[in-house]
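Shared between the two complexes below is subunit A, which pairs with subunit B and subunit C, respectively.
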Partner chain A sequence: MEKHKDGKLVRREKITALAFVSPLIIGFVVFTLICMIVSFAWSFTNFNPISGRMKFDGLERYVELFTHPTYKKAFLDSIVNTLFLLLSTPLCIVISVLIASLMNSKKFKGKTFFRVVIYLPAVTSVVAVNYIWRYMFEENYGLINAFFHANIPWLTDNTLIKVAMIIKNVWGGIGTQVILFMAGMQNISDEYYEAAELDGAGAAYKFFHITLPLVTPVLFYTIITGLIGGFQLYADVELFAGGQYGSRTIVHFIRNYGVGQNLYGLASAASFLLAAVIMLITALQFKFSKWVQYTD
Partner chain B sequence: MEQTIKKTNQVLSAVVLGAMYAVMIVLAFTMIFPYIYMVLTTFKPMQETVQAGMHLFPVHWTAEAYAEVWELVPFGRGILNTMTVEIPVILVGTFTSALGAFAFAKMRLPCSRALLLTLMSSMMVPFAALFLPQYQIWSSLNLTNNLLPLILPGLFGNISMVFFFIQFMGGIPNALLEAAKIDGCGYFKSFVHIMLPLLWPAMAAQGVFWFLGIWNDYFAPSIYLTREDVMTLQPLINRLNATQGGRDFPLVMTGAFLSSIPLIAVYLIFQKYFMSALSITSGIK
Partner chain C sequence: MKHMTKIFGVALSLVLGATMLAGCGGTGGSANVDPFVNDYDPNKEYNIEFLGWGDAKEQAIYQRIINDFMAEYPNIHVTYDASSAGEYLTKLTGEINDLPDVFYLPDTEFLQWVDGGHLLNLLGENGEGADLEALSNVWDNAVNEYYYNPETYTLGKSEGAGLFALPKDQGPFTLAYNIDLVNEQIEKNDLQNDEEVTALFSGEPVTWEVFRSAMKKLLVGAGENVYGIPYYELEHAVYSNNATFFDETVTTSTLTSTAMVDAVQFIGDLCTDGITPKDGLAGNGDGADNAFYQERALMTFVGPWDFATIWEMDGFNVDILPVPYGPGPDREYGTEDDGKSTAFIGSMGYCVAAKTKERGTSGAALMLAEYLCFDESAQRKFYSFGQCVPNLKDMAYNEYIPDSLGIMADEGHTAPASRHIFIDIVDGFKDENDKIGGKTRILYYTYLTSWRTNLEDTINQSGLYTGEKTAQEVLEAFEPSFQASLDEMNEYWKG
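For the complex of A and B:
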């Protein structure tokens, strides 16, 4: 009798719990699962929503991405550009680690001020950051060329535009990372450093043998978020580079051929490849995350 | 001998400290300078911005660009539209996320591990792989140039927020909830009356960054919204650049400046709070 009553209560609890998570499940099914399946299915067709044509074409769209006379160059170049722009991730991390260790030194005063200043770009509107830098990199009237008395075509050269974007993204990205690394470094117990000092260790030894190994969780976090964000770069292409060819990323390709030219099959094929790469990176990083050390 | 070594060490560490400050001051200047330049440019007449050479300060100060921004684009409308997306998404989305997390953390939920992993897999899927079908759905419902495509998905919660809440709730003793159960409280009631008040710091930390993300979102709004009167702030500011051929620098800088002020002001007032929220959110502290 007692047991029966308990079972009923448990069942009721389970049903209530399911009701509580149902919004999450509905959102996932409608906006992620179904859309992913539809997009995947489109990648095997020649779907064009304007003409209404939709024919099963097998792997034709994937083949086109790598061989078609017009799409091939645009697609492969967008991959190269995206990978090139990913350089800002390691640059940002190296600079952030160095700044964070400088700022964490006990003798250093004014931490709060520098932290506030470094984090400013993270709370500045995306459009604003891109516009300010676009103006500063301007070839004829820009401050950067004026400062160096140069005429460097930052915004029109296919390689320099990427260099400019990396500079801008490192400037905009270090804020968050410095704060994360500082938080990570503050968790390291002083005892480690004191013990090393007794053994006569120098600053470099302490940095490479204590600080760096013990901030690997932050390092791991910043690498993953940096790569995932880097693969999805889009706003910069339009706002900073004005769609300049050398700046076009994979997401720009997907948007341009999808919503822009209504070649949904082609764009879906590219988007599926992008999703596969991002999922693979995330999975690999979690698999090889054993080098991450946790202090606790 | 020993004294000289001590003295050299002192000099050395003073030099190191000096170098450290030098590096940091250069860095701080690099971080702030673009803002100073942006603000100074907003007060220049257009001719002064299309001259070669270094001209930091305006020769003739003018606030023309500020008046022009309001004339050229419905700027106030842009803020209103952005807030129309922000408020329901943050309020409802945070609530549904917390409610879902409560079921995962404190209730007997069937297949909870598999379910959580499935939901979390969505974090790996880039928006670029989803937006074509989403765009197709909204346009077939005649809902482009409407804020609903930006609001509706957010109402169903945010999975990274859920994951964070589950971890946070793990630190809240079950005894508190058991006591409420004895009092005859339903699950929903104990969620609202006991869990929500305790969850407040976590919700605030996550909410701040969600707010920031929506405010700065450019990709989705730029796809769905093509009419100025429905545009959120970011694509609207971009119109300033497009309409003037990208050459009216004071105008563009004014748009950039105005669209940044609200966030920067909030940040400067609550900066201490932002810093701790950032560490909490990434799970480092």
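For the complex of A and C:
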């Protein structure tokens, strides 16, 4: 009788728990999982939703990404562009760690004010940010060229556009990362620093041997999310770079050929390759994550 | 847990299997030319949906015209929805299985949509279907564009073809210039009596050489960041040099023909001359409009719809010009194969969804499409609001060009003074002596659009604009992949 009561209770708890998580699960299944499955299936076909044609072609779409006379160059260039733009992730992390440790210092005055200022880009509209930066980098009347009295073709040169995007993305990403690193640094017990000071350790020693190792969980998180976000870059290409060739990322390729030109099979194949690469890189990061110190 | 995983696995396999099978075997087109059957009954109530695009202003104009339509036919209730131009096709494609009764379709997408069987044939028998008599007063090319014969894969009017849309408008897209900025440069450089500059603004087409020379003279002392024109439209150069991208059957590339090479080289030369910025074709779109509106370019390309914006800019005086023309395949002016001033034309069609047949709303939907396409009062409103030039030939010649009703003058909209050029373009080449005309934009003729993106990317990235490469080199290198695209596209469409 007692056992039966317990079982009933557990079942009721399970139902309640399920009710709480079901919106998320339903949302995930409907808007992510099913879409992924459908897209995976399409990647083996020549599906075009407008003409209604769909023929099973095996791995042909995957092969076409690397061999087709029309798409090969666009796809390979989009990979190169995406990889180049990923440079903003380590740059953003390095700058954020330095700013966070500076702001975390007891001698630093106006912490709250600077925290707000630094976090501002994170709460500003992506569209506004992209357009403002675009005007700043404009070749003929942009602020940056005006400041340097130069005529640098930031927005039209295939390499410089990527440099401009990296600068913009580092600026835009610092806010959130500084807050995360500061939170991580504030969790480090003062005892470590006091002990190190007694042993005569300087600021650099304390930073490299106490601060940095103990914020590695945050570092690990920012590297993983930064790289995933970097691989999925799209809005900047349209809003900031106006679709300029040198800025086109893999996701732009997917959007351009998939939705823009109704080549859903090809775009699905590119999506799955991208997903596979992201999963592989993330898995490798977890596998080689012994450097992350989870305990203090 | 194990049980759940199993169920989940089976569910996934089912979805995957169903997705793979759904539509399999759908390897051919399904356009249907069955005659239109009018299901309209004046004693019945109809609720129809109309999807379009445009900014808030365009939407307001459409809503007013739809309200007029509903006032005339109180038993037809129209729900109008619109999105931005950039998002429109995504939205429309998302509704592919339940399309609105009437919707816009760009002519560049027409072939795929008609082949997919989404559009209703509007030609009926015994007086049913589209009003062909009224359509005879609409620009010929505009109407003919939307005929298609799925048996012979023929675009345009032909035996056995169906009519799958009614024209919304017919473009056209031509050169516009900033009158004050140009006059300032003429005065500054003492060009009042310069023959080439005078010819350029005479309203008559000039040769490419005159165009380049006049623009170079005008740009002297204009400032480092002021250009002649923000970019040059590829089709205008190609069509105006009597050149083509491919042969008439859309099967063989003609990219390396003399006329085509010269057309692309003309665009490259404009860049090396400093008339257009170095990003050439890449600089089109909003950037080009802004450059023109901010007086950083003497000219740009405009369509009639741009005048709604221009009219709002007090003191910004604009007129239009025909595009310049090239010497043609023999590279000599004054011979039979000279190019003619040819702008691209074409815009969108009002389509009636094939599904209206099942819904019983085909007749009401066609009535709305016809009202928007050729109703006199609707057309008058469209041109007076700066939406388009009239679709109706008699209205264009007798009313729009002379502003005989004083509608444009009353509104303070006198620009463009040379609006007859818009009409010359849409009316096409009537005879050998006609110097100005238009030709439908190139993507209308091909099933897929990726080749065009690829061609523009190739030209933009080639070094043509800096003079490092010639058009001949660029196009020769690109032609094999272009031919492969054409072969594949035709195999996909007709194979």
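Basically, the second predicted complex is superposed on the first by the 269 of 296 C-alpha atoms of A that agree within 3 Å, B and C clash if a C-alpha of one lies under 4 Å from a C-alpha of the other, contacts with A are read in each partner's own complex, and residues count from 1 in each chain.
Everything below uses one rule, namely that contacts are C-beta pairs under 8 Å (C-beta built on N, C-alpha and C of every residue); 3 or more make two chains touch, one makes a residue touch a chain.
On a predicted model such as this, the values are computed, not experimentally measured, just so you know.
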item	value
Touching partner for A:N48 - first (subunit B), second (subunit C), both, neither	second
Partner chain in contact with A:L143 - subunit B first, subunit C second, else both or neither	first
First, second, both or neither for A:A235, with subunit B first and subunit C second	first
Subunit B versus subunit C as contact partner of A:F75, first or second or both or neither	neither
First (subunit B), second (subunit C), both or neither touched by A:P121	first
First, second, both or neither for A:W154, with subunit B first and subunit C second	neither
First (subunit B), second (subunit C), both or neither touched by A:V259	both
Partner chain in contact with A:Q244 - subunit B first, subunit C second, else both or neither	second
Which superposed partner A:Y62 touches (first subunit B, second subunit C, both, neither)	neither
Subunit B and subunit C contact sites that coincide on subunit A, given as residue numbers	34, 38, 42, 49, 140-141, 242, 259
Subunit C - residues contacting subunit A, complex	12, 15-16, 19-20, 22-24, 26-30, 89-90, 93, 96, 109, 112-113, 115-118, 224-225, 277-279, 282-283, 285-287, 296, 447-451, 453-454, 457, 460-461, 480-481, 484-485, 488, 492
Sites on subunit A touched by subunit C in the complex	34, 37-38, 40-42, 44-56, 69-71, 73-74, 140-141, 151, 153, 156, 158, 242, 244-245, 256-257, 259-263
Interface residues, subunit A side, partner subunit B - complex	10, 13-14, 16-18, 20-21, 23-28, 30-32, 34-36, 38-39, 42, 49, 99, 102-103, 105, 107-108, 110, 112-128, 131-133, 135-136, 140-141, 143, 146-147, 171, 175-176, 179-180, 183-184, 186-187, 217-218, 221, 228, 231-232, 234-235, 238-239, 242, 250-251, 254-255, 258-259, 264, 267-268, 271-272, 274-275, 278-279, 282
Contact footprint of subunit A on subunit B as seen in their complex	13, 17, 20, 23-24, 27-28, 30-32, 34-35, 37-38, 41, 49-54, 96-97, 99-100, 102-104, 107-110, 115, 118-119, 122, 124-137, 139, 153, 155-157, 159, 162, 187-188, 191, 212, 215-216, 218-219, 222-223, 233-234, 237-238, 241, 246, 249, 252-253, 255-257, 259-260, 263-264, 266-268, 271-272, 274-275, 278-279, 282-285
